[in-house]
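Each of the two complexes below includes chain A, the first together with chain B, the second together with chain C.
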Partner chain A sequence: MAKSLYIGPYGRWLPIAFGAMTVLGAFVLLEILLRVGVINRYIVPLPSEVLLSLPRIIVEEKVLARCRETAFEMLISSAAVIAIGVPIGVALYRYKALRNALEDWFAALAAAPIVLAFPLFLVMFGRSATTIIVMSVVSGVAPIILKTTEGLVATRPVLLNVGKSLKMTQSQMFWKILLPSALPLIFTGIRLGWTFVLISVVGTEFLINLGGLGQLINDLAERYDMPGTYAAIGFVILVSILFFISLERVEQWLGRRT
Partner chain B sequence: MSSTITSWGDKNPARLRTTNLIRIGFAIVLLIGWEAISRSGIFLRDVVPSLGPIALAIFKLVQNPVFYANLQATAFEIAMALGIGSALGIACGIIIGSRPFLSAAFEPYIYYMAPTPRIIFFPVMIMWFGVGVASKIALGAMSCFFVVALATADGMRQIDRVLIRVGRSFRATSLQMAFKIYLPAMRIPVLNGIRLGFGTAVVTALLAETKLSNQGLGFMVMQTYSRFDMPSLYGLLIIIFIIAGLGNAVLGRFANTAHHS
Partner chain C sequence: MTLAAPSTTHAVQSQSKDNALTVDNVYKQFGANDAPVIAVDHMSFDVRQGEFVTVIGPSGCGKSTLFSIIGGLMGDYQGQVRVGNEPINGPHPAVGMVFQEESTFPWRNVIENVAFPLELNGIGKAERHERAQHFINMVGLAGFEKRLPSELSGGMRQRVSIARTLVSQPKILLMDEPFAALDEQTRLLLGDKITQIQQELNQTTLLITHNLTEAVQLSDRIVVMTYRPGRVKRIIDIDLPRPRTSDVVSSAAFGKYVAEIWGDLREEASRGMADSESHAVKDAARG
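Coming up: the complex of A and B.
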């Protein structure tokens, strides 16, 4: 994303300011349309009401504690998908016969809407955070496996030949050549995997009314607290953005080190 | 997900035999493992049913007209969501992808909204579009929109500038530019975006059906779950996964064909 930042005749900040002003303008327009009655206020709350509801839901609905709960489930699941997915991806790269046989199966797993199986996981693991974490791991692991293998396979032969000519050991070849070369695609896989994890964690919280921010949205919607519902959705978007910005930062940091 | 078809079309008989042997071996291990867990009592009785009842449930499901009525409802929702989301995504992607200023102004919003779980917008969609199919279509279209818009914008930036100059030198209109230059030149990223969009639209529409609906495969899953008919639940999920996989494979085949044409 950062690669596409525009540095043209208007500089870097003008388009960013233009984007922010447009979004702000859209909210002001919506406020006006709602106040003059063009849009029904029972269906869409006033943006100012949503803004004013923020302190209320932070204090009364314990949003920060819920954010922590959702973030905990996401962090455990995200770490687990990397810990499981990357080694399997490396194994598929190392053993070509295994790759030929199983890569299509992992592709099918990546395409399957695993999160729909939440009733099964509920029956197996009960109505608890364990269910959410296990399901999220199963949902998010396949893209990481596939992209890890794809990244390692795509390593340029000239780099491998350099390693061989320097008489590198297998371990050195992996850490010094294969892994740094595959890192961008591995991170693409992690981003995809984490997207599934996020859908699974927040989606399941929402659907089974358990845990953090997903449950809060469900609760507020059932109470017909529309400003609160919109504000809670805003919190989920915020957590999601922070989650992926932190991934980008880690990728940039690792990119500099390797 | 990028195409990973590695063994299809493999002409080497020895390699093909090894691949098939490994696949059969893994399938046997999985099935034996499943049956062993089913009989071990690790999980509560009926939670992991034996393979026989699951196979029987699949057989009964594919003969049940109710299943096809629900499949039709879900297929309609997903097709509409994919059509609307892709059309809006492509239009938006062309606009922001062709203008660096707009790209820098608005693409970060699309980029960071893309992975947000769309199901959380379901209460909002119910208020806007009601509890029927329209809210599921809207939610699916919303899921699809972001990935297609990002893929299209990225595809736009990769188009050979010569092609764009040729179009402009012929004084092509915006629509002509879109259909004669942009879309043919970036068909591969767009098709890959639609493929990803299909995946997210399927997940979102089915999840919305499990939450509040009176038709569709997601609704059927919840009905089966409420009856605690576990073999049917497993059977239904297996069929849904196969259908989703086939849909993904068909779109992948389109992308591959475009890549080689």
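Coming up: the complex of A and C.
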């Protein structure tokens, strides 16, 4: 007999609770290993110390102001990757020769560790927010280009035939059929692109010791405030998780409409 | 050359004044001139005002090519397709198309899908929704207006497509195997719905199909096609009483028509099958 797929009234929360308990368990294990001396406490701080230093970091290190700086760079970069990536993706869809010539290069760009080229960007744009934004745009634009093209190419021919049978103009065809049909894949590209942008913004802030949350981690590490450093890293991870969960929700919502 | 057999019960009337649609000596080939594949070979027939005509033929006989030509989606053919007396060159507003594949817009709910052609014509939201609602009721989808296509069954989605085509009030409804993906029972019930709509609107309809039951259940006349190259083999009048429902399938007359058309199609379908098998063997030999 087939097993029932019913997972009970608490089934939805069980995986979440299990995930949280696993993280908690790892922290407890780490705390024990540090306290008994298996891991050196001068290199890795106690998780309890990290947790307790979180309020101090938030108040003394002006985390909110730093968040604003990082958010500003994120906002500019995120808008720029869409403004640049989507039109290029559309152009690659429209002109097949262009797609054949450039698609592999954009795929290579998506996989390239752009962050290693930070000295080049520093030379070009100086130690400034512009460097952070330009590097982040270069890091995040490729997935949006590729997914935009992929989404447009994947538009079902029958939908285009409906458009043709209704004598739709090229512009109507794009705005009313191609773009909505490609939107879920474009959004997948945006989610990937923004992920790269966030990594790049914080990473470059850390590398060039400028700006918001990345610089905070750098500052704390240079002061050898290990609990503070890890607390700041934890804070960035928390912000990232919330950011990605929101994007995933939007992506799922769009996915249901295709 | 047209292979209309002597038993053809209805003469081609390409010059008749009451023709809503005329397919006149249409010829279409694919591939290079040294090795052409003739999809449609000088086909001629007509559809009169308010008539339901079905084109039936085996898979690969050029039915879908003919559908694309009549719908104006395929150019570069010989002969002429006329709506009334007007030759068509590209998609014509008088011809509303329903496609074989599921063609609703997944990001629009039912009423937005149905109202889509009206939106393109710049009709205000209130009016287009009111007009769309009329056709939603007609296809039996009242109560599902706010549902997305992903929340509907295949048959319901196909009804949305039909309502979307009807909302433009086309002179001719052109359908390419709209129920091909549906099970037999749903197909019969949707056939009832189509018959009801066709009679209510006196809608001139041309259906392309390979389904014998569907063809006899719905049609006033059936154009039987040969397998590659696609020619008119025979045109048969279906003299079954109207209003007609799916109950007609149990009548002796229905069975007689099905047997008669199958008699015509059997040879064509066998040729089609042999052709497919020979291609499969060649492909396998090529590795």
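The working rule: the second predicted complex is superposed on the first by the 236 of 258 C-alpha atoms of A that agree within 3 Å, B and C clash if a C-alpha of one lies under 4 Å from a C-alpha of the other, contacts with A are read in each partner's own complex, and residues count from 1 in each chain.
Heads up, the rule we're going with is that a residue touches a chain if its C-beta (ideal position, glycine included) is under 8 Å from a C-beta of that chain, and two chains touch if they have at least 3 such contacts.
The structure displayed is predicted, hence computed values, not measured ones.
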| item | value |
| --- | --- |
| Superposed partners chain B and chain C on chain A - clash or fit | fit |
| Contacts of A:E150 with chain B and chain C, given as first, second, both or neither | first |
| Contacts of A:V38 with chain B and chain C, given as first, second, both or neither | neither |
| Chain C versus chain B, contacts on chain A by residue | B |
| Cα-centre angle that chain B and chain C span when viewed from chain A, reported as a multiple of 10 degrees | 90 |
| Contacts of A:I233 with chain B and chain C, given as first, second, both or neither | first |
| Per-pair minimum CA distance [chain C against chain B, superposed on A] in Å | 14 |
| Contact set on chain A toward chain C in their complex | 156, 158-159, 161-162, 164-168, 172, 176-177, 180-181, 183, 256-258 |
| In the complex with chain A, residue positions of chain B that touch it | 1-7, 10, 15, 18-20, 22-23, 26, 43-44, 47-48, 100-109, 111-124, 126-128, 157, 199, 202-203, 206-207, 210-211, 218, 221-222, 225, 230, 233-234, 237, 240-241, 244-245, 248-249 |
| Contact footprint of chain A on chain C as seen in their complex | 71-73, 90-91, 93, 95-97, 99, 101-103, 105-107, 116-117, 120, 148, 150, 168 |
| Interface residues, chain A side, partner chain B - complex | 1, 4-6, 8, 10, 12, 14-16, 18-19, 22-23, 43-44, 97-108, 110-113, 115-120, 123-124, 142-143, 146, 150, 191-192, 194-195, 198-199, 201-203, 206-207, 214, 217-218, 221, 226, 229-230, 233, 236-237, 240-241, 244-245 |
